[in-house]
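Please see the structure below; I have some questions.
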Amino acid sequence: MRAAVLRAQGELVVEQRPRPVPGPGEVLVQVRSVGICGSDTHYYEHGRIGRFVVESPMVLGHESAGVVTAVGDGVAGDRVGQRVSIEPGVPDGTCVHCLAGRYNLCPGMRFFATPPIDGALAEYVVVHEAFAHPVPDAMTDDTAALLEPLSVGVWASQKARVTAGSRVLVTGAGPIGLVALQCALAFGATEVVVSDVNPRRLELATALGATRVVDAAREQLTDPGIVADVLIECSGNARATLGGLAALDRAGRAVLVGMGSDELSLPVPLVQERELELTGTFRYANTWPTAIALVSSGRVDLDRLVTATYTLDRSEDALTAGHRDAETVKVVVHPQE
Amino acid sequence: MRAAVLRAQGELVVEQRPRPVPGPGEVLVQVRSVGICGSDTHYYEHGRIGRFVVESPMVLGHESAGVVTAVGDGVAGDRVGQRVSIEPGVPDGTCVHCLAGRYNLCPGMRFFATPPIDGALAEYVVVHEAFAHPVPDAMTDDTAALLEPLSVGVWASQKARVTAGSRVLVTGAGPIGLVALQCALAFGATEVVVSDVNPRRLELATALGATRVVDAAREQLTDPGIVADVLIECSGNARATLGGLAALDRAGRAVLVGMGSDELSLPVPLVQERELELTGTFRYANTWPTAIALVSSGRVDLDRLVTATYTLDRSEDALTAGHRDAETVKVVVHPQE
Amino acid sequence: MRAAVLRAQGELVVEQRPRPVPGPGEVLVQVRSVGICGSDTHYYEHGRIGRFVVESPMVLGHESAGVVTAVGDGVAGDRVGQRVSIEPGVPDGTCVHCLAGRYNLCPGMRFFATPPIDGALAEYVVVHEAFAHPVPDAMTDDTAALLEPLSVGVWASQKARVTAGSRVLVTGAGPIGLVALQCALAFGATEVVVSDVNPRRLELATALGATRVVDAAREQLTDPGIVADVLIECSGNARATLGGLAALDRAGRAVLVGMGSDELSLPVPLVQERELELTGTFRYANTWPTAIALVSSGRVDLDRLVTATYTLDRSEDALTAGHRDAETVKVVVHPQE
Amino acid sequence: MRAAVLRAQGELVVEQRPRPVPGPGEVLVQVRSVGICGSDTHYYEHGRIGRFVVESPMVLGHESAGVVTAVGDGVAGDRVGQRVSIEPGVPDGTCVHCLAGRYNLCPGMRFFATPPIDGALAEYVVVHEAFAHPVPDAMTDDTAALLEPLSVGVWASQKARVTAGSRVLVTGAGPIGLVALQCALAFGATEVVVSDVNPRRLELATALGATRVVDAAREQLTDPGIVADVLIECSGNARATLGGLAALDRAGRAVLVGMGSDELSLPVPLVQERELELTGTFRYANTWPTAIALVSSGRVDLDRLVTATYTLDRSEDALTAGHRDAETVKVVVHPQE
């Protein structure tokens, strides 16, 4: 089979690899769609993300969907033919964190396209059957792949305890910010303010239901009209984060999703006097059933985020699309085309 | 002013009473709309509800809205002219339950139309300013009055922890069941099954977004296709309650809202083996801001529940409308007409 | 090896069985102590517990501890020689309940001495390494075995949200009630009332820290002096349960631990007017680390509950000890003696 | 009556003031003991704390207890003679935060010795009857006064969700750190590490139950042996805070209690990868019943913290005692002596 392999920083090659064979409890998935994430691009351009370093050739891609074409020992044969969305991280299942339900924090996690684990930018991939989530017929392959970033948004709303009537501020309107916006609405938020410096993304945010958008290049989040119960920080930008914290009402919650700033000058008196709660998210846990339900019920639209489609051979173009075209929101690769 | 007074069981008289004068911290509200609740009808017909007995003449009505026309000491004068929805229970504010935020459990609560406190079926009423919630211009008087039953639904979804992706079963499609349905959807539920024996109410449930309706006269809640995370019991019927409990998935939550059955033969092994959580609701606390936001954002439609409007003089007809017309869902009284 | 096998209702035979061999991920444990639970006795006497029926010979016993003597593939060799407490239920690890952290509700659970799974009343047993919890040197074998019933008490306090200052009522002072009492204190409860009909058990409750005991044969739980935030029901007796519910303050929580009554005539108005929360427990999840810490820090005393010790050959006597001697609280079997 | 009035920065005068008269709902308390808090000393030395500036003469002191000697309208006469601990902040009772139970965040809060509200360093003080908490006869006046700082510790453990088996790290062993330590133990923590630079305070921490102490002048919190579920930061020192955060296990919680650092260089990747939760505390809410229960049950010892006692005339010495004597932990003033 063919796979898009990151051989070294800036060197992506589509090469032949043996088709993987599903082990016990695993399924073989013919990959139909793979979303390109900022982290894929970051590995491609920098060869690392923080303490995670690509030291040997690695297949990129962790947002994927496809069709089960074979099963390993112990897996029901009728799973063959099933369309699935792949949850790309398989935890060890028995550490204290796994047993407590927070398997995203499992130290033994094996996560697609996180060194040294190969990802899904290939014609086939194997995964544990429990992490190959069946999707309805009506769901497109692209949407099924994008349940992964949607999960990031679901997790953020859960961590932030967004509920009916919540007033939410989303800083950053990239793909994660735009799913965070949709999730906040799906969790019942009745005000969702979205800020970004890219006017086109703010237009899309408005189209997706934002009740107000803020052009961060011109306006301040400290506008007294912005008071939020929840901040979902998706920009990774320190100024946006601080502005967002200042917009929180007493007893507000902030969830740091965006990566980028290594240190944040946290205003301790603000956190104390308003008893703000702040946390960060690391991937997600138990989100696929919710993500599938939100899409199936029409509450979230993922196809709308897809701005371009590439073949596997053009994976390198897919990785760099965001730099070439400011209209880019989300690009996907179709390995079978 | 005129007021609809329950003099004794079955004896409702519209009589002249002195217009009340707002005390310190209170506002005088000219009442524009009053919803009729099953409890009003129950007091009219039986003179009591459980341990609450009408022993002296009492004004009925606790779902109300109107316009502030005067204020007491310590209240800002600019509240005059404000359209408000009235939260009909004023707690003492300093008992252990009030201080902990569960003021609905305050032993010193003074609640409209609960003996011996007068209700709102009158031309004017006074209430503490904090419980006269301003409403947007676009909200109708009837909807503003019906924020009270909506609050019951909001509280039920909060108690049941309904969230994005929840599978909810609502038993009973009367006014409370229909607001519970709408609230569950507003809290993010993606499946809401509604059961009732009245086909017309099930039609309305479907129109309001139920994903499935069950005619309890013909079908069983034990249909294997019905699996719920949450039961919101609004019928007060023991058979419906037990059927609903049986439909709960492991770790499911049941909230008993409907009144009617004094005892329920609880299946203890079911509760234990599935670790079901069960609770009851008593009114609500802190729900008005959410209720206003849900209506204002278009997530809940209350006007659609109103099937007839009466003048104050015809209050007795309003109280008995449900018995005369099976099409009745919610009736309201307009005391100024 | 020898094992105490329940061949049929009332027929327990100590017979030779092949020593089990640890599979991948498993350890072989030489069993040093096994606590006898009421459920063991119930299987012995009735051949079933509710829907769980002993249809083929089964080894009893699920409260056990011992020493690792061999390991299966993938298990670190240095576990050999480790003293361990055995968590007797191994879930499938990948169902929705397991992934969410509530593995006690796993439909695929394999639990010791629950038909058709063999238990620990034998010289050796195998178990998944993650469920063989290392214990400190200072902990006795009996205590290590009794971490299992302690876990039931830990789980009850967690479900009931017992915390510093809680007022707790424990109905039933059998082994589970006595660990529930100790757990409630360890979770910070400052009042723990214990009720039972057995004066000797009430004496033990007092010795273990109960702040008040109630002889249920003579006193009523409806004594106005008893007001609780939490009811931990360990008797399985309907009258005790109803008395306990009536003693709950507004916003109180009840956890039904004891088995026995199939139906409970639940007073719905009480549940509603006080907004009581009620749930049942089914075993436990993630409790061993807490249980070990509570014993190690001296907050819980399990050895004190042991009233007699038996050899494996006298397992039948151990199972019936409670019927012969009213002083019996907990008996243990030492299979190596 | 006499009162210790801060006339200006560094100028404290004991002067005659009219004895206050209890208004409706209030009680007059003859003050028996007042604890001196670091904030009192800070106001005395700097004339301000952050945005709170002493602009006119103000009585200091907010940790107090005494005896009710008169009552205002609407207060039961039998409260006269009652010994009470005073909760020094009275909220408005009707804002959204008060109604939700988080009255410590009430914008209309009137708090003793926070400009321009007078405090308790006087012979008499009035307070709303609901905030004059009756204490048992066996409780000393000093302990009753020190329920205020104990409340800070209770609130911290509640915010941090300390429970049975928690591993807790307390940074800073001043009076607040020492009550935080005791509270963590009372909430069930089985490991409580305390760090400070003052060896005498670490000795006291050990005597009060710390399972390990760390001399921060010599050891690092990054010692791999220190792994905590909860950080209760009581030093206000940035280095201690960062060291404490680094010691948190995945899913750990940090509560910032100590004041001092205006900005903290928060390591965002750490917060994200471990999904740490961080919050600050602002006073407390609903803590007195718990505080009273913890002392009464012997779980917390406050008298042990008192290192010196002063008369009202020597209030100035009391405020500066900590600077003169490194042995000082907590000093109290007895206004009636």
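Order as written gives the chain letters A, B, C and D; numbering starts at 1 within each chain.
Note that in this section contacts are C-beta pairs under 8 Å (C-beta built on N, C-alpha and C of every residue); 3 or more make two chains touch, one makes a residue touch a chain.
Everything quoted here is computed from the prediction, not taken from an experiment.
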Every chain in contact with both chain C and chain D is listed here as A, B
Have a look at B-C versus B-D and report the one with more C-beta pairs in contact.
B-C
Centroid of chain B to centroid of chain C, CA atoms only: how many Å?
43
Just the number, please: Cα centre separation of chain A and chain B in whole Å.
40
Provide the list of chain B residues touching at least two other chains, using ranges where the numbers run on.
100, 102, 289
Please output the residues of chain C touching chain D within their complex, sorted ascending.
154, 157-158, 163-165, 183, 186-188, 190-191, 289-290, 293-294, 296-297, 299
Using the touch definition up top, name the residues of chain C that touch chain B in the complex.
50, 97, 100, 102, 104-105, 159, 250-251, 256, 259, 261-269, 271-282
Residue ranges of chain C touching chain A (in the complex, touch as defined):
25, 93-96, 98-103, 128-130, 285-286, 289
